[in-house]
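Shown below is the structure under consideration.
We just call them A, B and C in the order they show up, numbering each chain from 1.
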Amino acid sequence: MSMSLLIVQILNGLQLGVLLFLIAAGLTLVFGVMNFINLAHGVQYMLGAYLAVMFYGMTGSSLLALVFALLAALAFGLFLEFVVFRHLYERDHLDQVIATFGIILFLNQAVKYIWGAAPLSLPIPEYFSGSIVLLPGLTYPIWRLVIIASGLAIALLLYVLVSRTRLGMLVRAGANNAPMVSALGVDIRRLFMIVFGFGTMLAGFAGIMIAPILSVEPGMGDTILILAFVVIVIGGIGSIRGAFIAALLIGLADTLGRSFSVDILRLVMAPSPARTVGPAIASMLIYLMMALVLYFRPTGLFPPKGR
Amino acid sequence: MTRLPTAIFLGFALLPAAAAFGTETYLLDLFMRVMIFSIAALGLDLLVGYGALVSFGHAAFIGIGAYAVAILASHGINEALISLPVALIAATAFAYLTGTICLRTRGVYFIMITLAFGQMAFFLASSLAPYGGDDGLTMHARSTLFGLSPFKNERLFYYIVLACLIGCYCLCRSLVVSRFGRVFRGARENATRMATLGFDIYRYQLAAYAISGALGGLAGFLLANATDFVSPAYMSWQRSGELIIMIILGGLGTLHGAIIGTLAYSLLGEYLSGLTENWKMIFGPLLVLVVLLARGGLLGLAGQVAAWWRKQHAEPQP
Amino acid sequence: MTAPVLQLEGLNKNFGGLAVTRNVNFEVAAGELHAVIGPNGAGKTTLINQISGLVAPDSGRVLFASRDVTALSVPERAALGLARSFQITSILPGFSAIENVALAVQARIGTSFRFFGCAAAESALNAPALAALDEVGLTKRADALAGHLSHGEKRALELAIALAMQPKLLLLDEPMAGAGRDESRRLIAVLSRLKGRFPILLVEHDMTAVFALADRISVLLYGQILTSGTPDAVRADPQVVAAYLGEEME
């Protein structure tokens, strides 16, 4: 368990954490403001990655691919909102789960139909490729640092938006008491659409950013969706701050757990059972954490007031 | 009220005769699987339809039952008198233990925490390296009963599954109208009122959750024998989602709706996948349409159509 | 003299800095109908909630039949014989009226961990339930869905549920709330018949009802008990007249 390995894994954990935050932020806002469970949020992330690959193939420019993919992801998200989701806000959670599950089935298959089942890849933008030396003997890929930095920047931007602007005030109020906000004469439909579009774009952005270091394939949004749900439930549904803290917590716990569980277990048990039990515990770790958090705080760490 | 369920069970019972004219094993296999999932769906309908407890980790119960059988079989223990109780107890115990935590939460948090426990079971199975890990575990021999092999005869096995389904249906039917069921249903209507009457609803919900887990375990036992194989995929969250879809598709809180929904879901999937490789591109939007247009599932839709029909035919008379 | 059924000792409750219950001490004696009156926001419902266990007091004790129940849960207190009605009707709307009441009977007698047998066909449950419905004049509506009853009928049903528990103390939180003049008169008649059969703690806005029914009255103001006494004494208390009754007693 060397020091440099620990640092690398902490950075990897941070990177997973900010990625989860980008996805969870939209999910928790949509849930908090509209009381809408959107299982299809994960496919937005997948779509972001695929669109980036497609636009890169068309333009050959990473920057243009980013811009076009973001816009296309936003447009598609708003299209879905307009055609399907807005009819579901008033329905119970069960209906929302089923309808958005149907959309997952459709989109995963559609992606396979359009781009094929084989994994695709996207090159890292040239100016961010390669690694830098963090410490003597410790190098780290620049692109991963870019992901961490952009994720943190967006978290800061969100914080300012939510805590300092009128729109943010409405969002916070909506998370606490949606009927109240609409009683104030705010066009709730427009507010919903803005929040939804914003969340969609963040998920798409996460997909675009991760595409260069992950294989782009159908169903890639499903796993991350469940992780994002764990994040927002631990953080307290509707809370951006909770989502941020929980995302980093989950990112670090998952990454470090997978890297070091065997070593840690070997301190208390024989090597061979440790090698069996370690990975099992590591893969269940975050769900254990979620169960623990909900056992002591049934509405998460930072539940919005008034619920 | 009892006519429709009777008709369904009669249909299942007569199917092997009809199947004799065609591709028998295929149809038997398909309908047997429908009945097995119906058993699990009944247990889920008990929770969701009668208790408003949306369990999103229900596939784990099936998986645990299935793994119990397969793991015992891999150690050479094939006797159902041992493996069936083990499967039931394992699934019930898992439901009971996770239920003590899940039932402290409400609403969406309940959905999500049951999902989390489902995922835990999934990953646990994936990391069971001695039992196949991700790849799953093949059962080299089906369960025996008193040393005989009733599960090897496809028809006999089919009727055993049917008997299990009818038994579970009757059990659930009895449960929802019993004293216990009345308290359980009351908890969904008004939890505060139930508490002020003196009912600690947590205990009743926990019992129902454990019973539901046992039904899942039974389904798992049968499924492992039907497919000769178990894998972590049995416990994936998509499977849990499918189970929820099945009970909604048929009509919540009716019990036979759970069976109809499972039947419809499986047959539709089977039919569409025969049409095109990309059948999910049709199936997904269909689900959305069902949610948007057919409140109360197929049973609800049938009720609406029947009412409309009666109205149309009543009007001409003076 | 027998011990009081209910004793509150130094009860305090704050909601975010607002003291809604301030050092409340009082008793409900065996067999009496004790009314608590006070203007809106005086903390009457919060007080009832602390007695039935829905709200935990910050300090102080609740003694029920000489037993400290402060730490007990709502169902535990109910099982000891504490029944209540709600200011905002709280019934099971999807159950029939008789089923609502039969559940209360079921809570009182026998176990509810019985998985077989149709509960709706048990005469051991239905007979007492029907008797309770009869007392509040709902016999004819026994099979109607509770959610479909009229407002006054729902108020009566809530009373029947409480009755069927055969409580050792009945907490009634504004049973007349929202009822029309005729309905109120009928409910007062029902309450006067119940009076003496169980001790009752009645929180009510309807002064006619309170002065017609109560053996003793406590006046709650800003979370504090201003005074307790017989209806005549309370009516004559200048403090009460000044603080509260003045405008309403015209």
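Observations, loosely collected:
The working rule: contacts are C-beta pairs under 8 Å (C-beta built on N, C-alpha and C of every residue); 3 or more make two chains touch, one makes a residue touch a chain.
None of these values were measured; they are calculated from a predicted model.
Contacts with chain B and chain C are shared by no chain at all. By number of C-beta pairs in contact, the leading pair of chains is A-B. When each chain is reduced to the average of its Cα atoms, C sits farthest from chain B. Distances from each chain's CA mean to the overall CA mean are smallest for chain B.
Note: centroid distance chain B to chain C, computed from Cα atoms, is 44 Å.
Note: centroid distance chain A to chain B, computed from Cα atoms, is 31 Å. Per-chain CA centroids place chain A at a distance of 50 Å from chain C. Of all residues in chain B, those touching chain A in their complex are 48, 54, 56, 98, 101, 104-109, 111-113, 115-117, 119-120, 123-124, 126-130, 237-238, 241, 244-245, 248, 252, 278-281, 283-288, 290-292.
Listed in rising order, the residues of chain C touching chain B in the complex are 52, 54, 73-76, 78-79, 83-84, 86, 90-95, 99, 102-104, 106-108, 110-120, 122, 161, 165.
By the touch criterion stated above, chain B contacts chain C in their complex at residues 174-175, 177-183, 185-186, 189-190, 192-201, 204, 207.
Note for the complex: chain A touches chain B at residues 31, 37, 39, 84, 87-88, 91, 93-95, 97-99, 101-110, 112-113, 222, 226, 229-230, 233, 237, 276, 279-280, 283-284, 287-288, 290-291, 294-295, 298-300.
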